[in-house]
Structures are given as structure tokens and as C-alpha cells.
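Here come two complexes built around subunit A, the first alongside subunit B, the second alongside subunit C.
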Partner chain A sequence: MRAYLSERMGAALLMAPLLLFLVLAYAWPFLGVVKWSFTLPTPGLGQYNALLTDDLVQSVFIRTLRIAAIVTVVSVAAAYAITVVWVRGTPAQRIIAEFCILVPFWISVLTRAFGWVALLSNRGLINTWLQGIGFISEPLALVRNEFGVIVGMTHFLIPFAVFPLASSMRSLDDRVLLAARGLGSSRMRTFWSVFVPMTRSGIIGSAMIVFVFSLGFFVTPAILGGGRSVMIAELIYLRIFQSPDWGLGAAISVVLVLFVGALMALLFRYVRPKQLI
Partner chain B sequence: MPTYRPGPVSLVLAVLVALFLLLPLLAVIPVSLTPSRMLAMPSGELSLRHYRALIEDPRWIQSILLSIRIGVVSSAFSTVLALCFSLGVWMFQPRFTAALVGFVLLPMVVPPVVSAITLYFLLTSISGFSSFFGYDTWLGVAMAHAVMTVPFATVLILVSLSQLDRRIDLAARGLGATVWERATRIIMPNIKFGIITAALLSFVLSWEEIGVTLFITSVNAITLPRLMWMGLRDNIDPAIAALSVILIIITVLVLAVRSVVVRLRGAQ
Partner chain C sequence: MQQPGRAAEIKAIGIGKSFGSFRALDNLTLDIGRGEFLTLLGPSGSGKTTFLMILAGFVQPSDGRLFSDGVDITERPAEQRAAGMVFQGYALFPHMSVEANIAFPLKVRKKSATEIKRRVSEMIERVGLKGHEKKLPEQLSGGQQQRVALARALVFEPGVLLLDEPFSALDKSLRGQMQAEMKRLHQETGTTFVFVTHDQSEALALSSRVAIFNHGKLLQVGAPDEVYDRPANRFVAEFLGEINMLPLKGVRSADNGATGLCEDRAVSLRGNADAVGGNAILAIRPEHMSIAREAAVGENGIAATAIASTYLGAATRLDLTTRQGAKVTVSVPNEVAAAALSKGNSVWLTWPAEKGFLLPDAGQ
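Here is the complex of A and B:
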């Protein structure tokens, strides 16, 4: 009995500090934000009503969903192409692919967004080069619009899309693929009708991760969108700091959390968490 | 046994994706060497003036030192908390483990902007009765970063614990070791690598954190990413390109050393 009690005490003592820290520094202030959404500027459901009627908020929500959907499709497809080589290439191909995935992954989001500004802006690499060869006379508008945001976000999210795909491709049995080839199926057909269907859980997992990440994305859209292609996260920032309307910012945050929570619940019905690492 | 290798179409597509991934990192190199005061491609002559600006302008050095201080404090704090929590989970396997771990992972899955507004609420509330710990103070930023990095540290430590053989702990327990001895002399030496990785990852995540930092600082606690953000938003300062080149070179070196070490360990 004493041993049992000391076990319980040990577990409690070890686990309590982190749980207490997160309750005080995360759960409690989140409830504070929820309270803001119901009390600022006046108590009631006014902010949630505004969410449903305000044209600006609605257009930002729709733009965010549209950009997130495009970024998801492009990132997962691009990640798939490089993951195939990373997981199933020759040793030399694997090292190169790993380098190309991990270097951007570890570099800060600001540096990466800045790299795209350097490439895409009016006096950036691409416009300078295209004007230099006389292909265009006026610089193309590649940044400070939705195109720039999509390019930058896709670049940021490809490495995140790679990991679930890699785990599903690693666990795939080679003999099935060799059997398909041996039975006379072409490379293309083996890929589309055997390889891709067997990595389904990886595709779903990576699409969900990318989509959820894109919904709350802040830095890249703020830099590459140049204030013209505002997404939800930037709208929250603007409501808190520029046109102080804390209640609305808080209400948008609450809706965003609920939406992401629902998506995650949906994800875990199809994929087990372990398959995502 | 022969393995199934990617064909030529896969290789071409993968090369295109690889170029897309590396392109913006390469693009900052020429920009960092431009003699112009604004963002432009160098035309003809090259200059190191933006690299010099990094050393000469005290703001860069100050923000680098501040980022290191915040990174070290928040990483130490979050690693210790994550280690204790994970040891509790692994050694005692309490009821509701899944729910408790899920709670700890929340800051990792909640959209960062929501965590940011949450921590903004927390720190402005603290500012009401404390001037050195709250909104726009380095301690406040360190605490906020600890909230954001602790889920990652916990995941890493739990993963390395899951690879540990329970029987060595059972043997120690059977021989009469106390909880403290089991934790410090049996378990921790075996997950050393996981603990170090957790601390390093927490430091790196704090070092480059911007989403939350933007909400909780204004003029005093200017971390390096915060300073870069200011330079990116207002008029684009090529000193950021010089800094980016340095950060990219460090990243490439660290990854190269790591991959050599991993391969040597594998060869042994």
C-alpha cells in the first residue's frame, strides 16, 4: 500500500510542474481570450454576429480557404515527387534529396520569405533577368499578391508534407511493386495503380497537416502578400494592433480553433497519429 | 533482393521540386553583395557593405545576444519540464495518459496566431502588476517561447523513452533503487541523446520564433527575427540578405556535420 501511494505521488510530482505551467500560461489565458470575444466591446454575441455579416471578414475567410486548398494540392504533389526519390532512390540520390528537404526545413520562415522577395519583387532576380534578355519591358507583378503568397507558403510547407508521405512509402512492401512489374504492368501503371493507392494514409495525413498549417499562417502571407492579400491570421493581428477591436480578433481566433479542432478530429478518424511522424 | 527504384519521370519531377526548394536560398546571395542601399541585383561591382553593417550597427548585435539569452533560458526551462513530465508518464503510466499528453501538445497543434493572442492576453495581464516580467520584457518572451517549444521537447523525449527497454528499469527497481535513482542513474543516461536533441530543438525554435514574438514585443525585447521583420516590412534592408546568407551557411554546415556523424555511427 505504501509503495502504491509513493508511486502515485511520484507520478504526480513529476507531471505536475509542466501541467501546472500550461494551465496557468496557456489554458487560463485562452479562456481569457474566449471571454474577450463575448465581452468586448459590449457583452453579448455581437462579435460572432459580426463574423457572419461583415463583408471584409467573410472575404478574408473565403480567401484563406481558397489559398489553403491550392497550397495543399501543390505542396502535397511536389512533396510526393521528391519523397519518392528520398525514400526509394539510390544512396546518392537519397543524400541529395535529403539535403534539399532538410536545409529549407531548418531555415527560418523569415529568411525563406525574404528569399522569395529577392526573387519575385519588381527589382528581383526574375524580373531583372527577364528584362535583361528583353522578354518583358515592364516588371511582372509576382509578389504583393496572392501568387506570391501561394508560392511562399508552398515552399514553406513542402518539407512538412514530406514526413508523413515518407513514412507511408517506407512501410510499403517492395515485393508487391516487383510483382506488378513482373506481371507485365508498365512503370506508369505500377505507380498509379499500386504505389499511389498504397500510400493513401500518407497522402491524407500530409494534406491535412498542410491544410491546417495554412489556415493559421501569418508570416509568409504578411510579407509576400504586402497587405493586399490578407489571410485570417493577419486579420487577427490587424484587429488587435491596428484597428483595436480585440473582441472581433478574439472571436475570429475562437472560430479558427474550433474549425482546426474539427479538422483534426476528422484526420484522426482516418490516420493514427504514429503514421504522421 | 532488388528494390523498386524511381524511374526517369520521377527523377525529373524531383529535380524540379529540389530546384524550387533551393532557389530562394540561393537568391539571397547576390542580393547580399549588392553595393546599393536598397534591394537590387548587383550590377557589375560587388560589395561587402551589408555584412559590415551587421557588425557595425549595434542593433543587430544586441538582438542576437537577446535571442541567445531568451533561447537558452526558454530551452532549459522547457526541457526540464518536458523531461520530468515524460519520466512521470513512462515510469508510472498513470490513468488518462493520452488526455494529459494531448493537453501538453496543444500549443503545437493550435494555430500559432491563436497561441499568440493567448500569450498576448497572458503577458498584458501580468504587466498590470510587474514591470520586468510581462508584455515586451525578455523574461515574458522566454516564458512564451517555453510554452511554444515544450510540446516539441516532450514529443522528442517520449519518443526516445519509447525505444528504451523497460526491463532495465524493472531490474533496477527489483534491486531496490528509489524513484530518484531509477530516473537519474538508469533512465536518463539511456535517453541522453533524446534530451540533448530536445534542448537543441527548443533553442532553435525559440531562436527563429516570430509569430508569437510579434504579438508580445514592441520596443524593448527586440529579438533577431523581430528586427528582421521590421527590416522586411518597412523598406527592405539588404543587411537582411547578408544575415540570411550567414544563417544559411550555418544551417548547411550543421546539417553536413550531423549527417557525417550519423553515417560514422552507422558504420561502427
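Here is the complex of A and C:
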């Protein structure tokens, strides 16, 4: 019992610096934000009432959810494919996959967003090339809209979607796959009716991570959306810094944090934390 | 392996398998008869599991050909061979219910829903899993999971059932129960069973024939009593159970077997003297030796001193040393052991001529 207690004390001490930092840098200031949402410009529930009636706020919320949902589906699907190669490929394939997963972590989100602008804009590489070969006459609208935002966010989030998937694929018992084939199941069928269902917890974890990250995206939608596909984080920024409406900005922040908190609670009900790494 | 409902006859000719420079299996030629219960027995790394994986189609042999009912299936992929297979650790589908696990091979074969339902419930009844249909594998005990694995492997009536150490995770009493059950399933289905184990008592208890492997080579194939009583070499003799080995000199043929000198005393035994040369090893199982006050003229016997005894319940195991220092173990009735130890410990060991056999001196 004493050993157990001291072990717990040790763990608490090791976590203390991080906890202290989170409390001082996030939790405490956030309480201030909560206070603003109820007091600015006048005390009361006025800002939350405005959230329910303001068309702009509502359309931004809906757009954010829609973009996050699309990004989640595309990122998890793409990550699934690359993770299969990373975990179950030949040694050479594994190295290439690992490279593809890790390199994006070394490039800043800003650089990548501008990289996509260079590729996707009206006079960008893709449009000029397609026009050059005569495939299209007018440039395609690939950026400064939702499409550009989705492309940029998906590209950023795929590596994050990989880790929960890899963890579930690594813990999968190979003999179960052999058993399926031995019982007469083709490779395709084994993949869909045995492999994919067995990595379910990885898919859930991966989807939750991508979805939660997507909700708070700022830089990528600001650059690739070109002010036309505003997402919730950009809206908060605008309310705080551009049209000084701190109360509304604070109320949106509080709602976003509560929503994300609820999603995280749901995630940890279904997936054990160690499956996410 | 391709006709459902009919036991397969398998012929392996010169099968070999190398993993890099490691020779896992070497020049194996073996016929597996229709409806037979063949056990592949050997220590780990002996090649027995590699051969099972080659039979299943999960491993491609480096050399040799494999035939099922006369058809060459060497290159046929696993899913088209569809041998029933029970894995070590069962390899059940963790996300499917008992019912769905057993239905899987039938669904893959696109059987009608009514047929699947009928055959799955038949199989569930047969392996005694009624009432557990909707449970997930993790909600079952080890023995029940084992039954699901057997049911899933047998439900599509494969020509051959391959079993890879299926009982290694079960405790001893459950093991005995499952062994009996498997024997019953073998008789009921009439399917060819190929069973891998490293447990010699399991092999002897279950099989119609035992194939003994070591270092990638098939050493001997035969009925359990045949390999136990007439092992082809020292490895087989030792692997199948405890055995006493005594140096034997001046071995030569005699009527009905051979004779030789064991610790300066003439002994007679079964076996072919020409095959082993002048000096050989006389091998006798512990349960075939008895303790006597003295050996009669013409009777096989050597003098020995009892040094220790171990009470085993039904019998006592007695460790002795012969005059020339060879160590011998015998299994004798409890009161005989007590008497042997009390009598100044000096006794005679005797054995019937037909229970001693010859092994080459060098051994393997």
C-alpha cells in the first residue's frame, strides 16, 4: 500500500509542472473569457442569445462542422491507406511511408498553406498546366473557397490520423487474418470484413482527433479560404481584433470549448488513451 | 481439400523449405491417408509447424510437390485450398459473435441464408455451445473458444482439418476433455485430421499415426505403439518418453533377434544386430523393467543399487545405478520400491527380451 501510494505521489510530481503550466496559461485565462461572455458589453445572457439568432455566426458554425466532417472522412481514409503500408508493407515500403508521414511535421502550417496557394490559385501550377495542355479554358476555382480549405486541412491532418490507426493495426493478431484466408475468404473480403472491423477503435480515435483539430483551425482556412470560407476560429479572431465585440467572441469560444470537451469525453468512453498513440 | 464432405488424401513429395540460410524443412515425403488422424510431433523449430503451414497454403515450399486427391496443389493459394484450420490461440474474429464466427466460411462460400442457419445451429449443437450463440469470443472461457474454433473449421466440411497446437493454452483437465471431444469429432466427421503438438503423450493418445520431426527432418512415421516400442533412433526413443540406455557389447544375431553382453552378462533382445554393428545401445522403457532379488539363468538382468525414490501415487519411480555406473530409472509398484530401498539397496533389474531394443551406438 505504501509503495503504491508513493508511486502515485511520484506520478503526480512528474505531472505537476505540465499541470501547473496548463492551469496558468490556459485554464485561468479561459475563466476570464467566460467572464467576458457574460459581462461584455453589458452583464447578462445577451451574447448567448445573439449566438442563437445571428445568421452569420450560425452559418459559420454550420460551415465549420461541414468542413470538419469532410476533412475527417478524407483524412482518415487517406491515413488508413498509408498506415496499412507503414505497418504491413515490405521494409522498403515502410521506410517510404514513414518518410511521407514524418516530413509534414517538419514544415510549418503557414509554409504549407502558402504552398497550396501556389499550387491551387488561378495562376497556380495546376491551373496553368491544365490550361497549357488545353484541358480547360477558364481556370478552376480551387482556392479561396471551401475546396481549398479542405485540401489544406486534410494535408495537414493526415499525419495526425495515422498514429491511432497504426496502434490498432499493430496490435492486431496476424493469425486472425490467416484464419480468414484459410477459411476461404479472398484477400479483399478479409480486408473488409475482418481487418477493417478489427481496427474500429483506431478509426474512431483517428476520426475524433482529426475532427476536434479541424474545429479549431485558423491559419489554413484564413489563407486558403481567402476570407470567403470563414471558420469558427477565424470568426472569433475577427470579433476580438477587428470589430471589437469581445463579448460575442468570448461566447463563441466558450461554446466551442464545451463542444470539444463533450467530444473528448465521448472519445475516451470508447477508446482507451493508449490506443491513440 | 477441394471436395466438401469428403476426407482428403494428401501426398507430400520431397517438400523442403528454407528461410534464408535456415533449412526449416528438408526433403519431406509423407502420405496422409483418407480420414486418418496424423500427428506431427517434435520440439519447437523441428519443422512440424512449417509443414502444417505448407499444407494450409500459408507458406510456399522451396522444393517438392504437394498433392491432394491426386491433384497438384503446390501453388494453390490458401483460400482456394480451404483446409479447415485451428490455430494456436484460436484466432477467432473478435468483433463477431459465436454464430457469426462459425457462419463466416459459409458466407464466404455464398451459401443461402437458410442453409447457413441450419448448418451453424447444427454445428453449435455438436460442439456443445448452445446458449452462447450471441456472445463475443472475449466473453467465453478458453475451452469454449476452442470449441468455436473447431466448429468454424469444420462447418464447411473441409477435406482436411489442420490443428496447430490447439490445446497449449488450456489447463490439464480441460485439455483431456477437449482431446476426447476432438477424437469424437474425428470419428463423427470422418475428415482427415493433421495435428501439430510438442506433447508426446497427447500425440500417442490421439493419433492413428505419429510423424516425429527434428531439425527439419521427418525421422519416423508410424502407429503410436510402433514408434513408442520400436523407435527408429535415439532421438525418437527419448522424445516419446523416458528410456534407459545401457551400453551393449558383442552384439550378434540370434534366433528370433539378437544377443549381446550388457555389463558382462549375456542378454537377448529383439532387433536386427546387423543394422547396428558390434557395439550398440540397449534401450528399455522404465515401465518394462522389474526389480528382482536375483536374475535367473537365461533371464535378462543386471545388478544395480537403488539410490533414490519418488512417490508418484499410482507407482514409485526408482533411480538406480548399475555396477558399471549407468543410471537407470524404473517405474515399480509402491511396495516393491520400499522393499528395494530397505534391503541394503542392492537389487537386480530384469526385463522381458521383447521389451529391449537396439539403437546404434552413436545415436542421433
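Here, the second predicted complex is superposed on the first by the 252 of 277 C-alpha atoms of A that agree within 3 Å, B and C clash if a C-alpha of one lies under 4 Å from a C-alpha of the other, contacts with A are read in each partner's own complex, and residues count from 1 in each chain.
What we mean here is this: a contact is a pair of C-beta atoms (placed from the backbone, for glycine too) under 8 Å apart; a residue touches a chain by one contact, two chains touch by 3 or more.
From a predicted model like this one, the values you see are computed outputs, not experimental measurements.
By the document's definition of touching, neither partner reaches A:Ile204: not subunit B, not subunit C.
Of the two partner chains placed around the shared chain by superposition, subunit B and subunit C are both touched by A:Leu178. Once chain A of one complex is fitted onto chain A of the other, the partner contacts of A:Arg189 are limited to subunit C, with no touch recorded for subunit B. Of the two partners subunit B and subunit C, more residues of subunit A are touched by B.
By the touch criterion defined above, A:Val143 reaches neither subunit B nor subunit C. Of the two partner chains, neither subunit B nor subunit C is touched by A:Met169. When both complexes are aligned on chain A by C-alpha atoms, subunit A residues 175, 178, 181, 187 touch subunit B in the first and subunit C in the second. The touching residues of subunit A, when paired with subunit C in their complex, are 173, 175-176, 178-187, 189, 193-194, 197-198, 200. Interface of subunit B with subunit A (complex): residues 1-7, 9-11, 13-14, 16-18, 20-28, 30-31, 38-41, 81-82, 84-85, 87-89, 91-92, 94, 100, 103-104, 106-107, 109-122, 125, 143-144, 146-147, 150, 154, 159, 179, 204, 208, 210-211, 214-215, 225, 228-229, 232-233, 236, 240-241, 244, 247-248, 251-252, 254-255, 259.
For subunit C in complex with subunit A, the residues that touch the partner chain are 56-58, 77-80, 82-85, 87-89, 91-95, 104-105, 108-109, 152-153, 156, 162.
Note for the complex: subunit A touches subunit B at residues 6-8, 10-15, 17-19, 21-22, 25-30, 32-33, 36, 78-79, 81-82, 84-85, 88-90, 93, 95-104, 106-119, 121, 123-125, 128, 155, 158-159, 174-175, 177-178, 181, 187-188, 191, 212, 215-216, 218-219, 222-223, 232-233, 236-237, 240-241, 249-250, 253, 256-257, 260, 264, 277.
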